[in-house]
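Each of the next two complexes has chain A plus one other chain: chain B in the first, chain C in the second.
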Partner chain A sequence: MVGTMPDVQPLVDEFITKLNRRQVEGSLDTAKLALVLLRQVISAQRIPPNSPANTLIEAIKSVGVRMIAANPIELAVGNIVRRVLHIIREEDASLATTVVTGVTTAVDSDDEDNLDIREQASSHAVAAANRSVLRAPSLHNLLESMPNPIRADVTVASTGDSDARSRSGDKNSRSWKLKHNVIESINELLVELQDYHSQVAEQALEHIHQNEVILTLGRSRTLLHFLLGAKKKRSFQVVVAEGSPRFQGHKLAKELTAEKLSTTLITDSAVFAMISRVNMVIVGAHAVMANGGVLAPVGLHMVALAARRHAVPFVVLTGLHKLCPLYPHNPYSLLNDMKSPSEVLDFGEFSDCLNGATGGPQCHVFNPTFDYIPPELVSLFITDTGGHNPSYVYRLVAEFYSPEDIVLQ
Partner chain B sequence: MALKRATRATDIGDDEADVPLQAVLLADSFAQQFRPITDERPKVLLPLVNVPMIDYTLEWLASAGVEEVLVFCCAHAKQVTSYLEHSRWTSQSNFTVTPIESRDCVSAGDALRVIDQRNVVRGDFILISGDTVSNMSLKEVLKEHQERRRKDKLAVMTMVFRRSKPHPLIHQTRLGNEELLLVIDPSTKQLLHFDSLKEAGGRESARQQTLARQVVLERSILADRPAVQLCLDVQDCYIDICSPEVLLLFTDNFDYQHLRRDFVKGLLSDEVMGNKIYTHEIFGDYAARIDNMRAYDVVSKDIIHRWTYPMVPDIRFASPETGIKIGRSNIYKEDGVVLAPTTVIGPSTVLGTGTSIGDKSIVRNSVIGRGCTIGSNVNIEGSHIWNNVTVGDNVQIRHAVICDGVVLKSGAIIEPGVLLSFKVVIGENFTVPAYSKISLVRQRPEEDSSDEELEYAEAASGVAESPPSPFYDGRVVNGSPAHGGDELPESPRWDPSEVGIAGAGCNWSAGQDEEWRHSVAPIPSERIREIVAREEEGELEDDARDMTASSTNDNIAEQVDDDEADEEDESAFFDKEVEALFRRAVTGEAGAHEDHVVLEVNSLKLAYDRSFSDCAGAMFTALLNLASERPHTTSRDLLQNCRQVVVQWGPLLRRFLKSQDDEMEVLLVFEEICVEDNREFAPIFASVLQELYDKDVISEEAIIAWASEKQQADESDKVFVKQCERFIQWLEEASEEDEDDEDEE
Partner chain C sequence: MRRSPFLLFDPSLDNSSSRADSEEGGMAVNNVQTESSPFYDERMGLNSNLLTGPVTFEWLSQAEDARLNGSSDAFQPFLDKAAQSAEAAMNGDHASSRFSVINEFNIWRQKPELAEAVAAIKALTCVIRRSEATTMMGLEIELKKAAETLKMWDKTSISLSAGCDLFMRYVTRTSALEYEDISAGKSRLIERGEKFGEISLKARQTIANLGQEFVYDGSLILTHGYSRVVLALLKLAASQGKRFQVVCTEGRPDNTGLEMAKELMGAKIPMMLILDAGVANMMGQIDMVLLGAEGVVESGGVINHIGTYQTALVARSMNKPVYVAAESYKFARLFPLDQMDMSPTPRIVDLAVPAQEENIKIQTSERDYTPPQYLTLLFTDLGILTPSAVSDELIQLYL
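Let's turn to the complex of A and B:
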């Protein structure tokens, strides 16, 4: 709320109320809505000339904390908030380096008889800084040594050089540029989210082979796109476990049959009996934690154990918006959505078992939404950027999130 | 004016986009189930799992797409409005909460009349009470309602029901309210009949109950329908979708008070207007109204067990400032709860922020509010403890409701069903007996316990912020020692036998001995057995009645047949009454005065709308019955008896024989008796007739007229005429002689 323009405030409130009422469903939709909203927050944010990045970060943080609190179980919100913060930090750093280049060229033009060595060093530094900031940190550029002290040197020099007037104008344009760049990057991220299904589906042919039997549980849109992507060139069978109590599997089976895929629908309890005939288990996920553990629709832990028992690969489709930089602590209860028992049983039928007024023990009904699948049981993650091992997830986290944003409060 | 508005609203109904969806929320239940708590705070602001009840209702309305809520406040109106002002509801976009204050309403009917006068309702609205917890979607029911309205302007209301099991025990144990009987047209879902069965009433005998369970349906209900559906297994959710006409109906019928008892029943029985009520049944969704303590407890548990999702404790819809975490088996802990390492927290428990619990304490199945301090070795089970309660060491609390600011000193024992109102103090080692209600506010003497609607309003006005009721005035003026003026917490005149040493509060005596029915405590097992036993008994009795209905108790079976049967039935009643009267005269009870008997028979005659001949016939029957009851072995003895009776009571009978027709009626009745009821008289018919003639009860003209009438009858009908042939012949001769004599004279 720090200096946020009043016209965004109602939008933010509305989104938070919706999140609170659990009226936004599905991590992709939530992510998109959150991202669009944060973009609006940024564009409406008036940026003071000094420390523009910090103002933006503070604004996003204050909105983000409220959004996360409104529905702490929908991890996609937190992921998007952290992604946006990371984008701001990145853009800020890259701007800093362009200022550096500007200063160094100015230095060049001002006194041409300056030392060549100095110029060379600074251009080296600029290149290194550019590389380090613009490209996400990867194993590759981690190994590349980076002459940091020189960059600091140059920045000091630049502030010392330019006069007060030009500096303020420069900063104004710089804060405008920062905002512009951040919004640009957010738009890129939005496009990425929109293309997520097709990106994942493109990889289907590499993973599904002719005449294979694929088992899945429940329904996920990513999964549907993935299977349809593979269907273009391969013929294979799909076994769908219905996914009680929401029975999303029924819907998936219908959709697959409509696309002329050979489909078999089974109950959840028949998974173990079926698994020995299956070549691969492919499922969608709700979230992927930093340790490679997966939050997925309830019932999948059992499927993963069955798959492990029969050495069937357990493949999880996930987008990078589902990648959460947090480590799971007590995921069964803290990251779970306990829904109404009425999905499991009809109140009228059981009303005599459920009343406490007789003083006897009551029948308790639990309806958790998610299972936590430990990373050992996952064979492969297929994301929009390619396939990864569970042990590589921590690297993805480091690539997309800044460590200082992991704890937001 | 009002009518014009209504028509305009229905015109707009076609393009609903213009009309924001409105809801009328009654923030006053016009009942007294929550006293004495509601003497100090309105019911809708009482915390339900640490959130004021009204927030559940408002949250549901907001999430269901309602845009404007009119909150009608009556009792404690200031408290409700100031709460709303400071709540987040006023700052919501697309959702406005408008309080409507009125002080002199005593019922829901009054409230709706006020709303009608204010002219604020513009279209279809949802009528709901501020103590309703629901998560149902309104989309479907609204669509149904609007579609029906488009076709039929008389479909003014849609009521929402929820199915449960049709067992009185369930009703009792669930929400503690009455069993409902609905008659619904299965094809259109129109409500045809609405009845609440006063079931399992402790004061009524089982017999009365089973009688109360009989329901009489109007024939018109069945007339043009292929089928009707009788439902015993429904719960009223008290969620109604109303058209603006409903307000008009309340204004027109100023005596409508209760929404169900008066309005629904009145509407259904009124065929002239032809307004129709429809029903909507919800299946997966939750909806319940908290109208007593048992419902409070049950709904709390349902919330904790997440039936009301997404209105559950870990989704902070009302007060988002504190975090809350849910653990396994429904343990909810807000941030900032301090527990000793040896504290045991059992399943289905909610702990509010700022609460600390000491060593070796056990909390199970309970709700504990914010800022409570609970000592060590405390055992809390199935209780509702509100905010800022202090509980000393070694306290036992089972199935109790403990309001804000209560202090329980060490060693106190709170037995099941206890209700401790605001700021009550219970002394050390004191045991509060089961089902007692203790409050700092003194109980007023019962005024008119019959009308519960009025009482709540009065109770409300007994508090300083409301306009003073006559009673309150009296109390202050007299400076009654019981009350001790206004500064009541400062005057510690509390009875230690009620709250222990150094305690504060006074015991409210309960009106009835039925506290178990509506308290938070589980129903004692013997009560459950009783209910079950009574239910079985009722069933047995039903069976028994079914079996006897055809043989002895023809009345019930015939009643339905047709009007004729009805009349016959009535005449049988009349005959019985007359005979009973006569018997009393015979035994000499009722002063045996002929005059009295005549007077009474005359009044019966008027009451049953009978003629004198009917009276005479009945009287004669009674006479013969009397004769036949006297000991006799042969028909000669019987004749003797008849003679005696006729001698004694003939003059009485004579008084009803005003004309020849009446006398003939007696003869016909006599004949009938001889043929059908009492064949003993058949052989002595002629002799009795002669006796009647001798004693001047029946004139010769009547006998001759009877005989001549019978000439045309069937052979079988003439048996008695034949028997009397000689007597009649003699009579005829005698009369001829008379005539001759006259001629001669």
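Let's turn to the complex of A and C:
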């Protein structure tokens, strides 16, 4: 295990404490904070010349595991950690291929035909191997999967003829380059996260048409941006279910009215009565699982079922930072957060329900935060990279995460 | 039998009955025209001109095909005859070696740990080793012929034809892309063929690892028929200390479910045996259905031991998840639309029919097709896939 530099350690601890105390909320903010922190970890990490990528991966993993454990419900943390690991692997592989081609051109000038051909062949093989390392396993490479990495011994062989001094210089520049490239990609990812709301809102006009009635439950910032994006050119109605027990629907309704959108506020229990008049249900999500299932604020499963009953499209707005490569093995018990009972019952009433003699409660209050919506109830995901079908989510997962990172530790 | 334009195989019933008619009419068997199915012909044609490029190869292969079909004794539904004709075809090339790909395949198939597709690939590897071809193209043609004979031997076996196709695809790509030198190419192919047994075992391990996550404490799992992958998965889950129970069906007509039950007993996993007809009766208590597959088709549906379809249907109607564990070499380029699109098995299905009622009509299907909408997820060595991901993988391989 490689320790991180001392000056990052307090930052990591602070973030973990915040996660523990649930002081960071919302998957976008959490994702941004986690990403910035991981960037600091990488830039503070001293990289040894041999196996720079492994050092980085180990450092990220050790921090990542602690962050995930601090708030396992906030899946965005794990997603960002895995995303960064994937970035490191990707950059390392692309560096390895460029290094090898560099070596072959160097040998070219040596006028040794035999060696030249051999080197070229091996460089092709290595390039192919590196590509196949990154590629997810498929039928295509089932028969050609190479168990032993040739990459290592080729680099040893290729540096064998150059003198030791230039080799170490080369290595240092390579590990420096890796770090540089990784940080560059992380910055790109950060920009992506910052643009997420506007990217999703841009697509609103394609999905919301004139005079439509949109139903939603609770509040999500993405949803607000999306509706306001559509409002630029369309006039439509929004029906907002209040979303008890946190009643964030009230806040959304106020925000929408302030923007002069025609808004109707209903109770959660009136959703089924309203759904037959609605053209589309649009909601935000907490996380999207690898099978296309959605973790969303409590009450949405009911809305999804009502929408299905009346064949109303159920559209989920989500960003790629919410895309989780895990499967909900047992969604009802594993991925949920129980909130304080005081949101449901006032403390005054609550104390009346207590048994005076023993102090044990007679009335139980169950206040989960999330619902799991199975993939067959979702019609469409609208992400910052466009619309996707639930059955397509596995492809996104394969694109953005390396299979070896899915289980950390 | 209904004739659909999408028939996957020759309706062998039709063939054999027409053959019988002609024999009764006193016509010579040799007059029967060649009966390789248009579907396969088209598929082989499609495969050959993809990466190899030059027109000459196609021409050659067509010529070879014609020769093979001309020399061999047309299609024989019976296994021994097919073996003979395969041998005859092989001997047409080099009379010196008395080698039959079918015998080889049968030797490999006897090994209990080997799946049918692996045995097929092993047999094809032996063909390469014995081949005296001096060019990659010659080798390819020989292999193609061997693969065709293998497929002919048991037309109904999905995993057999999927294994042959996968290996042929690999051979085509290898010869077209990398190796100029025949001996290097040959040794590479042989090496990969030999390794395939390992690859398949590793695949089983991967699937077990991925799938055991879905088994949770206190769950009741229904399986149907015998599957090595499902068994590996359940054993792994049990070895990790998960407490669950398994319900096995009897698995008529060959009682494969009993076999599964015995294996589970051996592994000390609590299990219960039910009748095939008792699936719906049990389904209310079941938490998930876990199935193996003989073949996974392009739509993402599976072809498996008969009774799988009804199990999946019942599970869907009671909202229970249906998981299928299958190695990726079982992915086959077939697109059955319904149950009629699969040819009935040539094997005799043993129904308990009393002797005095022998002229009773019997339907002898041994496997059925489960459409993708009844499956929740597929556990494969390529990862956990939704049914729609299967066609994606197949398109990547064959396009």
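The definition used in the following text is that the second predicted complex is superposed on the first by the 347 of 409 C-alpha atoms of A that agree within 3 Å, B and C clash if a C-alpha of one lies under 4 Å from a C-alpha of the other, contacts with A are read in each partner's own complex, and residues count from 1 in each chain.
The working rule: a residue touches a chain if its C-beta (ideal position, glycine included) is under 8 Å from a C-beta of that chain, and two chains touch if they have at least 3 such contacts.
The structure presented is a predicted model; accordingly, all values stated were derived computationally and were not measured.
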*Between chain B (first) and chain C (second), which does A:409 come into contact with in this model arrangement: first, second, both, or neither?*
neither
_Contact-wise, after the overlay, does A:210 reach chain B, chain C, both or neither (first, second, both, neither)?_
neither
_chain B versus chain C as contact partner of A:394, first or second or both or neither_ = second
*Looking at the overlay, does A:20 come into contact with chain B only (first), chain C only (second), both, or neither?*
first
*More residues of chain A are touched by which partner: chain B or chain C?*
B
*Figure out whether A:338 sits in contact with chain B (first) or chain C (second), or with both, or with neither.*
first
*Any idea which chain C residues touch chain A in the complex?*
166-167, 170, 192, 195-196, 199, 213-214, 216, 328-329, 331, 376-377, 381-389, 392-394, 396-397
*Please name which positions on chain A make contact with chain B in the complex.*
10, 13-14, 17, 20-23, 66, 69-70, 332-334, 338-343, 346-349, 351-352, 354-359, 362, 364-365, 367
*Hey, which residues of chain A end up touching chain C in the complex?*
136-140, 142-145, 290-292, 327, 329-330, 375, 391-395, 398, 403
*In the complex of these two chains, what residues of chain B are touching chain A?*
59, 62-63, 91-94, 135, 162-165, 167, 169-170, 172-174, 176, 233, 283-286, 294, 297-298, 301, 305-310, 312, 314-317, 320, 323, 325-330, 347-348, 365, 382, 522-523, 525, 528
